[in-house]
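Here you go, one structure.
In order of appearance the chains are A, B, C and D, and numbering begins at 1 in each one.
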């Protein structure tokens, strides 16, 4: 039996495969397709303090090997989550990790405080990288001072595992990664979406109501792998990698680059069973290459003798 | 007859379709495939002061809807170009635009000065965005002070059309665009490649000898369109857009976002005739939508009534 | 229960240049389908189509394990499906979405335009079982856009408009003379281009006739995971893929 | 003259699970092919293969307008080409690259491993025309990796090594007993995996026998535009697609 367990700070995942926030609803949407108990964890849809309607339709554009979204954190607010959704989904035997968002530092603090009261939730993912909101979101994640400010503030009120999710839309990802590590992050997840845009040449209109949106899917994978590798070499905290993962081979690539766990995002839309297939694929890979513990793959890219 | 002419500062292109530096050799490589005289222009392979061998093999990795390259500006140096290559290619009835590179500001100046002596060359493209060299290249293009320094220095010694090529690997592309505009650029071309990486899950080795390389192809198009649109709204100088253009529809998308002309890059590898097909495709598009002058499309994205 | 299934291509029936019916065999007895339900179809072997494509279920044959789609070519995905080879596997997720709520013993006006007629034959069948009278109003740009006339005729009267007047009355569906006296209808059901549905909805509201519309918003997933497909309602944004595609027109904030 | 052509699939002949011959009909008389020339093939209808794939030209029939490829499946593109349907169009750019320089009236040792045998039958034909004697040495992991024995036999002696000893001598090609006495050979030609060619090259150099190797570097374009495919030589980096794929082993800095 291969050992699929990985640790991200104090969080223990039964395997490195989790699902990315905003691409997996609250897990329930996939109940008819897969056994959710098999997942390492579920990063639920981005939560804010109050109800948010998100951006106007259209919010989606298909692009080569990817898609743009401009959902804009539509959700019913943290209290609704705690009272109406969490009681149902807490029954799954997997880590449920809320994705925390805000327009101001105070928002982030308040959402975190509410989650802190829930005993079984062992971690939060602080999203300082949403490109689809006018206030907060990515604006926090693209400069060190603001990234530090929000991380420190949340750290103050949260003592379980604090994962900070970074934006790839920056000149120097290591600088930001080191900043949030210094501010108390227990783990770094990356990448959120790349800022992109699409225009319909026939109507001559932008496809998204917000003009720009977030690019995800296989198209971004090379950028994500590069950033995971850079950050892996810059910080000590464990990394949760994502960006374009479609199968087990992509997952291995992310782990070799330095990810302790990974999140499957856009791929869930195309194949709702993909996360389970990835878990099975990792098991086969480990069998083939005689790897006993999946954690041996973390950062294990072989750079010694190149060619 | 539709009017395909566009102007980029003092440069007149017979149509907006040019080919991207590093993806079209010196034009000659395509002579057996297409009539080079039909092109708006040819941005030739990146030139440096001295002979450069570039990076070790392997220099290429295929990625979803794109590729990574780590060529690293292999070329025989500016003098070889002037003495041995240019005399042959100057016969083409199209704009030949050298792509100028350097490890130091002095390098850039010297290469520019040599080119300045050639009468028929009406413009240069200053590449401050190559991600595949250890010194110079992209490091100039990702911070305002260095982008300004090199642009000003070259502006000093060059009085024909100066195009500055920007890197997408920055937090704020507008900031850099305004900086080089202020420093004297007559036009801005973008995007160069996004920094990426790929690992072979089976050998566990990085695929490129340099670990990281530049991502190009359709995968990057949404990012490129977004940056062209942002820069179009930030500066007054004309923009030459590129990044993932595969066909006439993509070209229209770039023009609507604010490009006065475009460069076709990676697509040339897959279909050496693509640039000519694009010119024909634009003509059909203009016929279909009754557009007389292609320059009416520049920045003509319709954002009035979205939906 | 939603299923992900590989279905074999049984045939592609061309109705005209840009419209066809795709028939698939399901590996087991198909799920129970209500009119308005749709499937998310994976278009394979193309670099250009990344996401699945939502298509209404046009017909289902529980005995012979068949399910079919009525498809109008609007782009790359729908063009490629037309080239599907016999016996090729096509992966679908279905049934998705809610469905029309056919009224019993009523007098139904069923309006379809373009690919919007896809769910209407199943709807007609349900209405007939519930003993409603049916009048169909089908619109198109020209006569070759009007499909399945005979099939609809089995269930009721079929009225037609074409923009060029080559079949039925000239004009758009809402120009049809039937709208001069629609008070006899107890419910309107419609599916088609948004502008058409909006115009129909306005007439329905003005005449106090209940009206259901089936939306075709762009979707990334089709099963409630991405929140890309929303439409604005008086109770906020709602998912067209899970809370729709069928809505009561009065709930929509168009 | 390089051409970009749509060629029709005439057939796929399976040699074993992972090796096959793809035959195409060219729209006009094929270009003149020299042994070592290759084509860049567009693998269509797949989201996974973005760039063309370089393949040596295995055979050409000027009269019947045919051109064929000997292909070993190593990944997505080569796997997909095997599924090519009869009559399907495949777009190729050819002929590309330089070619072997067959010596006249010599005594040739021609060594192939894996897909490296692809250009060797054309080479054998050229050598025969130039009146050279030929000895082939073919290597593989097991007996089923040894292909086209009969075809090679028409041109000369065929020696074989397999790593598991199931055919010919046991071991790698360079373990073959022929290397105990190779001074009779006037030139060595080889194509196969890099480690094999390096080993062969070393023996050739040590014995002062001229040796040509045909490299299979990864390529983005295949016609000199990208500079991705270089190999290090004593005169600096050279493009394998235009200055190669065939090199004199002494020029390479391996």
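FYI, a contact is a pair of C-beta atoms (placed from the backbone, for glycine too) under 8 Å apart; a residue touches a chain by one contact, two chains touch by 3 or more.
Since this is a predicted model, take the numbers as computed values, not measurements.
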Q.
Starting from the defined contact criterion, work out which chains touch chain C and chain D both, please.
A. none
Q) If you average the Cα atoms per chain, which one ends up farthest from chain C? A) D
Q. Just how far, in Å, is the C-alpha centre of chain D from the one of chain B?
A. 36
Q: Could you please state the distance in Å, as a whole number, between where the Cα atoms of chain A are centred and where those of chain D are centred?
A: 46
Q: List the centre-to-centre spacing of chain A and chain B in whole Å, with centres computed as mean CA coordinates.
A: 33
**Q.** chain C, residues touching no fewer than two other chains
**A.** 47, 50
Q. In chain A, which residues are in touch with two or more of the other chains?
A. 56-58, 63-66, 217
(Q) Which category does the touching pattern between chains fall into here: line, ring, star, complete, or other? (A) ring
Q.
Per the touch rule above, enumerate the chain pairs that touch, sorted by label.
A. A-B, A-C, B-D, C-D
Q | Residues of chain C touching chain A in the complex | A | 1-2, 4, 42, 47-52, 93, 217-232, 236-237
Q | chain B-facing residues of chain A, complex | A | 56-58, 61, 63-66, 68, 142-143, 169-171, 194-199, 201, 203-206, 209, 211-212, 215, 217-223, 225-226, 229, 244, 249, 252-253, 256-257, 285, 300-303, 306-307
Q. Which residues of chain D touch chain C in the complex?
A. 45-47, 50
Q.
Considering only the defined contacts, which chain B positions touch chain D in the complex?
A. 22-25, 29-30, 32-33, 45, 51, 53-54, 56-60, 62-67, 69, 71, 74, 217, 266, 268-273
